[in-house]
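Next come two complexes built around subunit A: one with subunit B, the other with subunit C.
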Partner chain A sequence: MSKNSTIKNSKINSNHLNVLIIDDNEQITKMLTTFLELKNHNCIVSNDGKQGLALIQKNKHDVVLLDLAMPEFDGYSVIQALENKDQLKNNKIIVFTASTITQDELDELVNRGVTSYILKPIDIDLLLSKIIESATS
Partner chain B sequence: MTIESLVENMFELDNPINELNRLLVKYDLTPNQAKVYLYLSKMGIKTASDVSKALKIPRTETYHLLSTLQQKGIIFSVFGKPTKFNAVGIDETVVILINNEQKRINELETGKEGIIKLWEMIPKYSENKNKSAENKFQTLQGRNSILVKLEQMIKESSENILVLGTDLDFKKFYHTDFTILLKKIKSDLKILSDYSNKGIHIFEDVPSKKIKKLDDKNREDFCFIIKDDSEVIFFVSKSESKDMMALWTDSKTFVITLRSLFSLLWKKAHHVDETNAESLLGSEITFEHRLREIEQEKIILNYLQKNFKLAENNGVKK
Partner chain C sequence: MIPIKHILFLVSGVSSFIIFYMGLVNYLTAIEQSTGMTLLIFATAVAMGTLLSTVYISKSITKPIEKLAQNMTEFSKINKITNKKPINTNIKEIHELNENFQSMGQKVEKTIAVQKEYVEKLKEIDRKKVEFSSMVSHELKTPLVPILGYVQMLQKQELMGELNKKQLDAVDEIYSSALKLQRLVGDILTTQKLDLGKLEFNQENIDVGELLNYIIKDFNPIANQKNIHLIKDITGNEVIFSDKDRINQVFSNLIKNAIDFVEPERGQITIGARSDKKFIEFFVKDNGVGISEINQKEIFKKFYQIDTSTSRKRNGSGLGLAICKGITEGLGGKIWVESKENVGTTFHFEIPKQVIKVISKNNQ
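Up next is the complex of A and B:
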């Protein structure tokens, strides 16, 4: 039996989500993609805020994992651009950040239309359940 | 000193009344209307003939000026024969003139739909129905025309506004809608300026996390504002000179060039409040931020390693 098939059989999630990951940290996006694909989800990655925004606007994703701190066009800019075009609430956006951010700021993002937030570092199982929870909310 | 010489001195170049005259012209008064108003406000009740003689304005024109000023509500007539005129106080006058202008703008705004409706009723005579794809360039002369364009750009922006220039460049826009709109802006705002925490700063109401300090060596004579990476206003004359001049364009080449320059300077520049940087700057990478990222990488990596090992072991056992 091949490695892949063994892994796939080790723990199969019945959900099959289309996840868009927007994060400039290539290590994280690569590993997260591997992880989510192992869990039978489909991943699209953008390491650039502007390109990520275009992907959100072009295709429908079940959930978007959005990093806040990115060079040039950061996560805040993506949120702002979506908000300006009344597209923020139509997308399931999870802010996925390692930035120092206050609870008030997080609440404000949620009030504006962000689905939820995940602060790095987070346990991998918790991360997955948050993604599923947000996608199906 | 005779009244005649007093009047002559009144409008001499170094008299502050001249500056006042210039300012009143901005409130939709013609130079002669302003002159008549100022004359009456300083000299008190006068007949049309007195005004005409003192200001050396032909009598017919003087009557016309007095009538217009009366309609504006900033002078009034005193009953008698001949009719005499007097001016309303300067405080009240400024309020009246501002209200008049606001009323006029409101009327223009309400008439907007009617104009568009009428315009649409007129058939198009041009064959070309497509919007021109050519780059547009527009020269903006004077503070007001620049200000109108700037305000339009900020209001219409949906993605970002990038501002580069020194405090001196923008001081002429202090207390205008430009700074008010910047404060309220919904799109992403980035300002590169010679910001200092000391003294009054034109961008003082803008959150400091949106401002980076322009290095001294980059404080040369260039100043521009980019909207949504699609339009730019580039100032082409020094801000100290009386006539401000700027160039507006939607030329892709022009915009991309200035955008790249802005990005380069932004990357190298530092935020104005470095001490409080971590809490202020959502998008700044700090040491702690990097540590958290590494920790996250480690968590995912551990999981993957564990699963691959498990898979390998299962493979060996089989």
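Up next is the complex of A and C:
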């Protein structure tokens, strides 16, 4: 490791990240896990918003991939719950969604403290670069 | 019409005055034998009769009509009857006139209420339509996520193992079809929003030169693949205030079309901008097969696809140009085409440099 690397990022090895994936669609979480594991990253999956929130609050993850549209407890609720406990900015959250969402709404989420966003369907190269970028930001 | 009894009353009133005074005149004539005096008295009688009739007409006809006129003026301003009291008159016609006006007014009030209700219902249907198409688009995009994800993994052979030529071709075909489906889903949603005036527009400062560079950079890989030459044609620096993503979307649709219509190897596509004081005109010019005059009139219609022997493979949804038209108009501008068969086509779209009012955002 070079002398210039910052202390903040010293613990993060961008070649082997811990990624929490929260999405109610099992086919999507399976595909993402397959891809990220092939890229040598470690994945934890939750198909439920409430459980996902508990996992965020329990353990530290390098990056959280959070689906916005989920039944009952959706991505917005997860964000709101984290915000209420002042935990949103401590986590690297990338939201993703297949819903129609305006640029304004996305910007608003970033303003609130979400790290990044990506729209579904997903370009896996773009996803990977966003994951690494967010983890090391 | 004034009722007969009123006329009779009037006439008898005036004539009894005249008769009475004529008698008086005869009497005085006998006494004084003075013709001048007679005339004076006669004139006074006529003047008094006239005065009495005028007072009567004013009180029983003019005043109620004035009142009615005032009610009508108020009604025409607010489409609502404010004064529902009957008008104080003993003339039957005026009374009826007021009654008819009142009942007509009530009918108009009712019709307006019904219309308002319909408008609300239509707005509700519009909202449901947007909701529905958003839902459909979400449901169609979701299964595309794993499809595209796995296909991309298969294409990266270092991830999932080497494929033979046939397998790789098959995977590439799946990939391009899935992308087409993704685009189609997006286009349908955009079209629906445009139809309903619900497409969102943003406004920001845009460096036109930078925007064109970005677009060219974006399309260079695909153009290079087909040996198509992409050229930028712009003079001077221009900064406009409009919607960058939407302008980009129009350019993308036009360039995609142009790429389909030029010959690989000798194809040339020029994108550029010219501006005057208030407007900026963008263009996409190609040296492709051109568009016949008949087709030129139709191409901006939804789902219209050019279908002649001269047209090469068509990839689009038939929505691209309709979307370009909708966006351009939404930004307060217009789009048109110039083309000559076997020479080339130029699409122009012109928008205000400062968007004053974004038309499609008018969605209360």
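FYI, the second predicted complex is superposed on the first by the 123 of 137 C-alpha atoms of A that agree within 3 Å, B and C clash if a C-alpha of one lies under 4 Å from a C-alpha of the other, contacts with A are read in each partner's own complex, and residues count from 1 in each chain.
Here is the rule we use: a residue touches a chain if its C-beta (ideal position, glycine included) is under 8 Å from a C-beta of that chain, and two chains touch if they have at least 3 such contacts.
All of these numbers come straight from a predicted model, not from anything done at the bench.
K.L.:
Check whether subunit B or subunit C contacts more residues of subunit A in the superposed model.
P.N.:
B
K.L.:
Tell me which partner A:83 touches in the superposition: subunit B (first), subunit C (second), both or neither.
P.N.:
A:83: touches subunit B, not subunit C.
K.L.:
Should A:69 be classified as contacting the first partner (subunit B), the second (subunit C), both, or neither?
P.N.:
both
K.L.:
Counting only touches as set out at the top, which of subunit B and subunit C does A:34 meet: first, second, both, neither?
P.N.:
Both partners, subunit B and subunit C.
K.L.:
Looking at the overlay, does A:124 come into contact with subunit B only (first), subunit C only (second), both, or neither?
P.N.:
A:124: touches subunit B and subunit C.
K.L.:
Using the superposition on chain A described above, determine whether A:25 touches subunit B (first), subunit C (second), both, or neither.
P.N.:
After superposition on chain A, A:25 lies in contact with both partners, subunit B and subunit C.
K.L.:
One more residue to check, A:104. First (subunit B), second (subunit C), both or neither?
P.N.:
second
K.L.:
Shared contact residues on subunit A for subunit B and subunit C?
P.N.:
25, 27-28, 31-32, 34-35, 38, 69, 98-100, 102, 120-124
K.L.:
Quick check: in the complex, which residue numbers of subunit A touch subunit C?
P.N.:
Interface residues on subunit A, with respect to subunit C: 25, 27-28, 30-32, 34-35, 38-39, 69, 98-100, 102-104, 120-125.
K.L.:
In the complex of these two chains, what residues of subunit A are touching subunit B?
P.N.:
1, 3, 6-7, 10, 25, 27-28, 31-32, 34-35, 38, 68-77, 80-81, 83-85, 98-102, 105, 119-124
K.L.:
Spell out the part of subunit C that touches subunit A in their complex, as residue ranges.
P.N.:
It comes out as residues 134, 137-138, 141-150, 152-153, 159-160, 178, 182, 189, 200, 202, 245.
K.L.:
Quick check: in the complex, which residue numbers of subunit B touch subunit A?
P.N.:
Against subunit A, the touching part of subunit B is residues 158-160, 186-188, 263, 267, 278-279, 282-286, 288-290, 292-293, 295-301, 303-304, 307-308, 310-312, 314-315, 318.
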